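Both complexes below contain chain A, partnered by chain B and then by chain C.
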Partner chain A sequence: MNVFLAILWKDLLVEWRSRDRVVAMLVFSLLVVVVFHFSLPGGATAQTRATAPGLLWIAYVFAALLGLGRSFSAELENEALSGIALVPVDRGWVFLGKGAANLLVLGVVQAVTACVFALVFEVDLTPVAGRLAGVVALGSLGLCSIGTLFAAVAVRTRFREVMLPLLLLPLLVPVLLGSVRATSALLADGTAPFAAIQLLIVTDAVYLILSFLGFEYVLEE
Partner chain B sequence: MSEPAIAARRLEKRFGHATALTGVDLEVPAGSSLAVLGPNGAGKSTLLRLMAGLGRPSGGSLSICGEPAHDRAARARVGFVGHATFLYAALTARENVLFAARLHRVPHAAARVEERLAQEGLEGVAHLAAGALSRGMAQRLAVARGLVHDPEIVLLDEPFAGLDRRAAQRLAGRLADLRHEGRTAVLATHDVGLAAQVADVAIVLAAGRIAHEVRAPQRDVAALERAYAAAAEASP
Partner chain C sequence: MTGYADGSTALRASGILLALLALAYGGQVILAPNDSMQGVVQKILYVHVPCAFAAYLGFLVTAVCSGFYLATNDERYDRVAAAAAEMGVLFCTLVIVTGPIWAKGTWGHWWAWDPRLTVTLLLWFIYLAYLLLRSFTEGSERTARLAAVYGIAGALAIPLNYFAIDLFGGAAMHPENLQRGSLGQGMGWPFAVGVATAVAAFAHLLLLRVGLEASVSPSGGRLSIRG
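Up next is the complex of A and B:
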C-alpha cells in the first residue's frame, strides 16, 4: 500500500471513530441553509432560483473551511504531523492522501446539504443531479487541493482559525466563480457553460500541481 | 575509509533571530552510538530533528550516509523516536504501528507489526486505543512505531521523559539491544549516567555549540558530569 492510500485509510478511520469533523461540518452547513430559508421569501420564486447556487456554495465553503482546519488540528496531538513528515517519499503523496480524505468527507456533507437545500427551497435537483454532482466535484477538488495546502500552513501558526480563511478565501475566487456560474446555468436551463467548466478544470490542475510540489516544504520545520 | 553514518559540517539552524545551533561539526561512524547532552534550550532536539530530516539547516551541511539529511533517501534510513509519541489517540496500538509501516512501505507489514509489538511486550494491549495507554506503554509503542521499518540509524530524543523506573529499565534494555544489533544510535538525554552507559561518544551542547566531547564516556563518567555541569552553569 503506498503512502497516499495509507494516509487516506488513516484519516477516514480516525474520522469514522470520532465523527466529530463531519458532524460539525454538517451542522454548520445546514445552519447556513436554514438561516437563508428564513431570510428569503418561501416557495420556488424567481429570486430563490437566482440566489440558490450562491447560497449552496456559501454553505459548502463554510463547511469546507471548518473541515480543512480540523483535518490538521488532529495532527497536532502528540506531534503526529512530524511523524508523517518522516515519510521516505515525496511529501506530495501525503498531500494527495489528506486532500482525498478531505474531499470524501466534504462530499458526504455536500450531498446531505444539497438534499436538505432542495427540500427547504423547493428546488427540484433530480433532473440535473448527475451534472450537478460533476460540477460540485470539480469545484470541491480545487477547494480541497489548495485548502489542504493552506490548512497545513495555517496549523503551525498562532492564529490558525483566523489564518486559514485569510489565506484561502482570496485564492478561492476562480473556484467559486466557475462553480457558481456552472451551478446557476445548470439550475436555470440544465446545461453548464463550457467556459465555467474550463475555468474549474484549469484552476484544479494548477492548484493540484502547486500543492503537490509545495507540500514538501510546508511539512518542514 | 567508509562513509560516516552522520556527518555535520559547520551546521547552523536559526529560527527567525534565534540561533538554535551554530558551528556544529561532528561525525558518527556507522554502528556507533552518540549521546547528546545539554541543558534545556541547548539545541539537542533541534539537532536530532535536523538529523531526522524534519527541517533544513540554515547554514553548513548535515548528511546521512552521504545524502543531505532532508532528502527522502536519507529519511528512509532513519528511525526517529521523539519525546512526543507521534501516535493517534483514536487508533489502536496495532493500527498506529501498521500506519507507520505503510508510510515506510514495509513489505509484509502486518507480520512486521506483530513482531515489533511482541518485541516491546505490547501484544496484550494491541487492540486498545493508543489514547487509553499509560505514558510508559505509549512510549514503548512509540519505539515500536519508530523502528518498524528496521532503520539503520536510530534517533531517540529524550525517550525516558515521564517514564517510571520499570519502564525506563525496559527502554534501557531495548537501547542495549539496538547497540548489539549494530545500529547507529543517537540519544539526546539529560541523564549523564545513562549517556555514559550506552554511548561510544558523548557531546555536551551549550547555547547551540558543542562545548565538550568525551570519547568512551563510560571510562570517565566524572569528566562527563563536569562537562554537563559546566554547560548547565553557562546556560542562560
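Up next is the complex of A and C:
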C-alpha cells in the first residue's frame, strides 16, 4: 500500500514539476478535436453531433496512448524502471500506483478537452456534466489499467511508440464501445443505458485484475 | 533435420493422418450436393468453418501454453504458444479471406459487422500484434514473458469483445449453433471431415513448427542464419 502511494506521489510530483506530459497530451487532444472539426463537412450540424461522442473518445484514446507511452519511457533514464522492479513488494502495487497516476493525468486532459469539444461541436454538456464524468471515469479506468500494463510491455520493445497502439487498440474495443454508447445516450436523452455501464464495469474489473497480476511478469530487474 | 528427433514419430503419424483425411475431405466436398439456394458457392463453407475451428484452437493453445509458461518458466511451453499463434493467424487469415468470397455471393456484401465476424477480425489483429511483439522484443526470456502476458490478455478479450459487439454491434448473420437440421442432406459429413482435416493440419503444422523452433539454438526465439 505504501508502495502504491509512493509511486503515485512520485509520478504526480514529477508531473507537477515538469508538466511536460500533461501539456503535450492536452495540446495533442485539442488538436485532434480541431482537426476532426475541419475533417467533417459543414461544421457543427445535427449529423456531426451524432458522431461527436465517438470523436471525443478517439481524442481521449489518442491522448492516453501518448501519455501512457511516456509514463514508462521516462523511467528508462538511469535505469529507474529496474530500480522500481527491485522493490521487494508485490509488483501489483507498483502497477496500481502507475495506473492511478496515469488516470489522474488523463482525467485533467479529458476535462479540458471536453470543454473545448463542447465549444467546437456546439454541444451543451453542463446538464449531464456529473453523469458524463462518471462514464468517462469508468471508461478511463479500463483504458488506463490495460494501458499501463502494455505500456510497460511496449517500453521493452523496439519501435515502442508503434507497438503500444498495436497491442492496445484491439483490446480496447469493449471499453470504447461501452463508453461511446453511454456517452451518446447521455448527450441524446440524459441517461446512460444500463447495458453500457454494465459492460464497462465488467471490462474494468477483468482488465484491472489481469493487469494487477500480469504486471508481476512485465517488470524486470 | 535433427530438429524432428524428439517428435518424429508423432510428426510422421500426424502427416499420414493428414494425408488420408485430406483425400477423404476432397472426395466429400466434391460429392456433396450443391445447395439448392446458394449453388456451388456454398461449398466455400466446407473450408471456412473448419479453418475457423483451427484458428480458435490455435488461439486457445497459445493462451493455455502462455499460462503454463508463466507458471513453470519452461521454454517448451513458449515454443508451443508461439507456434500455435502463427498457425492461428494462418487459419484465421483463411477464414477472413474465404468468408467475404462466400458473403458476396450470398449476402450480396463483402463484409458485415456481425459479432462473430468482428470478433474474429479483432482476434486476428490481436495475434498479429502478438507475433509483432515477439519479433520486436530482444532476448528470448523477455520475449517469452511479455508475449505470454499478451497471449493471455488476448484470449480474455475474446468474450469481452463478443459481449460488447453482441450488445452494440451489428445484427447477427452467422447461425447461432450447429443444431441438427441446420445443414441440408449430405452436408454434415463434409463439415465433420473438414473439421477433422483442419485440426489434423493444425496439429501437423504445429509439430513441424515447434520442432523447427527447438532445432534453433535454445536462446533464439527466432530463426537465425547458421552456417
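FYI, the second predicted complex is superposed on the first by the 215 of 221 C-alpha atoms of A that agree within 3 Å, B and C clash if a C-alpha of one lies under 4 Å from a C-alpha of the other, contacts with A are read in each partner's own complex, and residues count from 1 in each chain.
Definition applied: a contact is a pair of C-beta atoms (placed from the backbone, for glycine too) under 8 Å apart; a residue touches a chain by one contact, two chains touch by 3 or more.
What you see is a predicted model, and the numbers here were worked out from it, not measured in a lab.
Novice: Where does A:E77 make contact in the superposed view: on chain B (first), on chain C (second), on both, or on neither?
Specialist: After superposition on chain A, A:E77 lies in contact with chain B alone.
Novice: Figure out whether A:S18 sits in contact with chain B (first) or chain C (second), or with both, or with neither.
Specialist: Touch status of A:S18: first partner only.
Novice: For A:A6, is the partner it touches chain B (first), chain C (second), both, or none of the two (neither)?
Specialist: first
Novice: Touch check for A:A195: first (chain B), second (chain C), both, or neither?
Specialist: second
Novice: For A:P174 in the superposed arrangement: first (chain B), second (chain C), both or neither?
Specialist: second
Novice: Return first, second, both or neither, reflecting whether A:E220 touches chain B, chain C, both chains, or no partner chain.
Specialist: After superposition on chain A, A:E220 lies in contact with both partners, chain B and chain C.
Novice: Mind working out whether A:V87 is in touch with chain B, chain C, both or neither, as first, second, both or neither?
Specialist: After superposition on chain A, A:V87 lies in contact with chain B alone.
Novice: Looking at A:V27, would you say it contacts chain B, chain C, both, or neither? Reply first, second, both or neither.
Specialist: After superposition on chain A, A:V27 lies in contact with neither partner.
Novice: Using the touch definition from the top, say if A:A50 reaches chain B (first), chain C (second), both or neither.
Specialist: The answer is neither, since A:A50 touches no partner chain.
Novice: From the superposed pair, tell me which chain A residues show up as contacts to chain B and also as contacts to chain C.
Specialist: The overlap between the chain B and chain C interfaces on chain A comprises residues 220.
Novice: For chain B, which residues are in contact with chain A within the complex?
Specialist: 49, 52-56, 70, 72-73, 75-76, 78, 80, 82, 84-91, 95, 99-100, 102-105, 109, 145
Novice: Looking at the complex, which residues from chain C come into contact with chain A?
Specialist: Going by the criterion above, the answer is residues 70, 122-123, 125-126, 128-129, 132-133, 136-138, 142, 145-146, 148-150, 152-154, 156-157, 160-161, 163-165, 167-169.
Novice: In their shared complex, at which residues does chain A touch chain C?
Specialist: Its residues touching chain C are 146, 149-150, 153, 156-159, 163, 166-167, 169-171, 173-174, 177-178, 181, 195-196, 199, 202-203, 206, 210, 214, 217-218, 220.
Novice: Quick check: in the complex, which residue numbers of chain A touch chain B?
Specialist: Against chain B, the touching part of chain A is residues 1-3, 5-7, 9-10, 13-14, 17-18, 74, 77-80, 82-90, 220-221.
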